[in-house]
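Next up, some structures in structure tokens.
One chain, chain A, links the two complexes that follow: it is found with chain B in the first and with chain C in the second.
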Partner chain A sequence: MTVPEKPAPLAAVESSRTADSGPQTLTVSVGPQHSGSGHMRLIIELDGDIIVNAAPDPGYVHRGIEKICEVRNIIKSIPVIERPAIIDSSNLNHAYIRAIEELQGVEAPVRSQYLRCLLNEMNRIMSHLYWLSIFGVFLGHTTMFMWPLGDRELFIDLAEKLTGARITHSYIVPGGVRRDLPQGFADEAIKRIAYFEKRLVEYDKIFFNNPIFTSRAKGVGVLPRSEAIAIGATGPTLRGSGVDADLRKDEPYAAYSKLDFGIPTRKEGDSFSRAIIREEEMLESCKLIKQILKDIPAGPIRRKAPIVVPRGEAYSRVESARGECSFYMVGEGGDKPYRVRFITASFRNMSAIPVLLKGGHMADMPTAWWSVDYWPVEADR
Partner chain B sequence: MSLSQEREQALIKKLKDRFPSEITEARVVRRSRPEILVKPENLVEVATFLRDELGMDHANGVSGVDYNREARFEIIYHCSSLQNKETRDIVMAIKESIPRNTPKARSLISVWPGVDNFERETFEMFGITFDGHPRMEKLFLTDNWDGPPPLRKEVRFPTD
Partner chain C sequence: MSAQKTAQDQDDVLAMLADSINVWVGKLSEIVQRIVDVGPIRSVVNWGRIYSLWPVNITTACCSAEFGAASGARHDLERFGVLPLGSLRQSDLLVAEGTITKKMAKRLRMIYDQMAIPRYVIAMGDCAISGGLFHDSYSIVNGAHEFIPVDVYVPGCPPRPEALEQAIIMLQEKIRHSKVYERG
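Moving on, here comes the complex of A and B:
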């Protein structure tokens, strides 16, 4: 595989159009105003309506989180770490805390491990629903914008009951979690999940089995298996290309080794595969939440952990809604880390975008682009 | 998954057998986390061996660390394998140390194309140039950024 070249700047393209020889292409800039690109820019080079080249131009929502982490103590950094993906905050929070605990040699109590998984799975559903609403609206399907955003409130309310906050929970802390299950939570959650599972059947009817959608998504934006692996794609983007990789199975953390769930995988590598996988994952997450609420053992939810990053290095990773989220942390014994390297799934999947857009029609760009669930804030950090 | 570190030790042994002098340090930090320190001039051949012979088919990330008190940068490539289900948990860290006054390293883009954006980020944040990378340009920083590479330790945070 070759690395795609950056398309020529606009001025150069203009002059090439007036020249007598050479291919005549047009460079268009999609974004960075959120015109369907997310808070970033895609530079697309077109020959007619065929995409010859596409290059992501990120950085418009860069916050310098890695630097911020170097000047704050580890607890103060928790809300910052969550910001890149507020719709999936607990998964990023979890990966960060696991790196700290690895350095400290602290193991969180079993009950807190289950609670972490509970919130992680709720976040996975919330994140997928948010993605689905955006995916729907950019395909012109307004119902698919309204329904998932409405149903997402089911889980946001639950998360608020559990953690006190709707989206940025700061729930996972070194040594455990902040709060225990509130009274009546399990009954309420099971009722809501039963309702949500029925809603997913409706989603199938109106969207996933809708010929207008399938004809626009099948065979569009194909990412071949070998390239998905080589460029380091991750999460549903990788699983849509036929690799059944999921860290919850491959490197089980927290309580996942004790839970039973499947890894939806598709071989086609097209936009439809990436989309349907997320719907199937929501069902698996519902299954996981029910199991967790049934099996969760009694016991403490938090163990004392010092506000210290011991000297050493740690590398931790979890399966966030978009794929692998990893932390490489270097400690030198103080309350602040010496270095925090924060790699998110969107950052990795950024490399997939040029591959799956190239050769496609410009009109198919929104389908292919949104099927990756690239979250610019998460990529920029 | 067993709790022993046999798989990690076997991996390191294969590497040490093949590159006795090129790999200067090798250890298992903890389960699933082997790491090696490679001489910068041999980085590409070691990475190619890891990919072709040991199944490390993709890079999970590239990290830079500024050890300014020791006048050096460390570049860490984390790589792992998807082909073999039994070893998917293993993340190998390949480290190289380069002097702070000549921040030049060799790119691994020919081995793992996925390091493209990671190396560009390390370039803009630390000012380390990667030889062999076709597009050593800024990624996240604005085009008119003329300050020092922000993740270097001498760049102080306003509230620091």
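Moving on, here comes the complex of A and C:
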């Protein structure tokens, strides 16, 4: 069998193109009004169906949170700090409070450390489920939009029981946490987690092992290990490229040093590996919640901490659902910090988006792009 | 010479005829509008509008998380006819989900202008009402009403999905009592 030659008219067109003005490309603007963009814009340069160049245009949700923190006292800033990653609010809250505690020299009681981890892990599951539902709808899989959002409510109810708010908990405060475990929380939580673990098996059947999904995600949007390290990717994006890095293990904070859990990693670096890692992380988080509820020691949940930011600098970081989130704080003795700077995981993972998209098909754009779990509100701050 | 003149006359006559036709068509449409707004056609048209409120795919800030939860399995906005699919030209509803930054405000106005009439706006969250938590920020607009007309406000930071559902029901009630040709 011989390869058919290119038809003459097309070849003529191609030669005229190169002769006149070089290869012609089409620039497409995706977002912010687009079902596959969220609150940001991607400027994509296309040659036919192939993406030649992709540039993210963030800043649609820039609200100047760092500046707002300078004019409010540290307690009033807690809800503001939570808003950027509203589906993963307690992890940002935790990082912020850890920076304050470092400056104040206050250490939270052991029981509150466990409670912080409990809420962090619940938030991780909630965030991953939200991501999964949007991933489902991007791929046209409506069942995968409905199921995770329905199961997310299981954990939202639990968090509401514990903290009083659905998604913006403001639970972690300097010196501890706001509330103790309510009565009957552990039983309810274990019941719900048992149900959720069964659901994850069903997720495997309908989505993760489904050829409709695997054929669209495997080998799409590959981020090689060396590149992931070079651009400073973090979280599941980094672990999907075969780097075993998780702050909960590498630099244990709160109660994580006393808990036993695994860090899922994959070598492929494609969209599928990043997706499956999040599913495995949800299982690990379930394990962690069960351990916390079993091991949690009795004792006080809050130590008195002054509403003062002492003179000095502090740096803290935690592993949020999307990766490393770090706070840098400078105090000058008042009740307001002199400067707050924070870098979120989405901001760091934004550099990965052009690498993932380049050379791929336009039709694969939503898969590759959303597999990073880029939450624009968090990146813009 | 005379042939030219007659041609000009003919043009004048045609223009006059077109004008009078326009006037008559205008009057006719006025009559039709009046009939529609009085008769049972109005309730049928409004019934159609009430149960096909398709929102635009635009998210302005973090309230989108609760909008997502409201579209999901437990709350399921689709039972009210709110289906977050479809293009801008086919949508009726614009939900300003949270803080509107100055950069986003321009796009939001552009989107509102491109939507086909009838179009409705829900301002979701404290930030879309008055700036909320970020009222003193340098980069936000204090409320959606500053650049688009708002039908229903939903307070909360973020509002619970139930609050959004109530807003949808209130908007439906508003549409039920509105005239077909009222909105321009």
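Convention: the second predicted complex is superposed on the first by the 361 of 381 C-alpha atoms of A that agree within 3 Å, B and C clash if a C-alpha of one lies under 4 Å from a C-alpha of the other, contacts with A are read in each partner's own complex, and residues count from 1 in each chain.
As a convention for this text, contacts are C-beta pairs under 8 Å (C-beta built on N, C-alpha and C of every residue); 3 or more make two chains touch, one makes a residue touch a chain.
Predicted model only: the values in this text are computed from it and were never measured.
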| item | value |
| --- | --- |
| Chain B versus chain C as contact partner of A:343, first or second or both or neither | first |
| Touched partner set for A:70, first chain B, second chain C, both or neither | first |
| First (chain B), second (chain C), both or neither touched by A:161 | neither |
| Touching partner for A:377 - first (chain B), second (chain C), both, neither | second |
| Partner chain(s) touched by A:178 [first = chain B, second = chain C, both, neither] | neither |
| Which of chain B and chain C A:84 touches, first, second, both or neither | second |
| Which of chain B and chain C A:199 touches, first, second, both or neither | neither |
| Chain B versus chain C as contact partner of A:287, first or second or both or neither | neither |
| First, second, both or neither for A:59, with chain B first and chain C second | both |
| Set of chain A residues, in rising order, touched by both chain B and chain C | 59, 62, 64, 67-68, 71 |
| Chain A residues touching chain B - in the complex, by the definition given at the top | 1-3, 5-6, 58-59, 62, 64, 66-68, 70-71, 102, 229-232, 238, 243, 245, 250-252, 313, 315, 317, 324, 326, 328, 330, 338-339, 341, 343, 347-348, 350-351, 380 |
| Partner chain C, residues of chain A touching it in the complex | 32-35, 38-39, 59-65, 67-68, 71, 79-80, 83-84, 86-87, 130, 133-134, 145-153, 156, 166-168, 377 |
| Residue numbers on chain B that touch chain A, as the complex places them | 1, 29-30, 32-33, 57-61, 63, 65-66, 76, 78, 82-83, 85, 88-89, 91, 93, 109, 112-118, 125, 134-135, 137-142, 150-151, 155, 157, 159-160 |
| Footprint of chain A on chain C - complex, ascending | 56-62, 64-66, 68-69, 71-74, 85, 88, 99, 101, 103-104, 107, 111, 133-134, 136-140, 157-158, 160 |
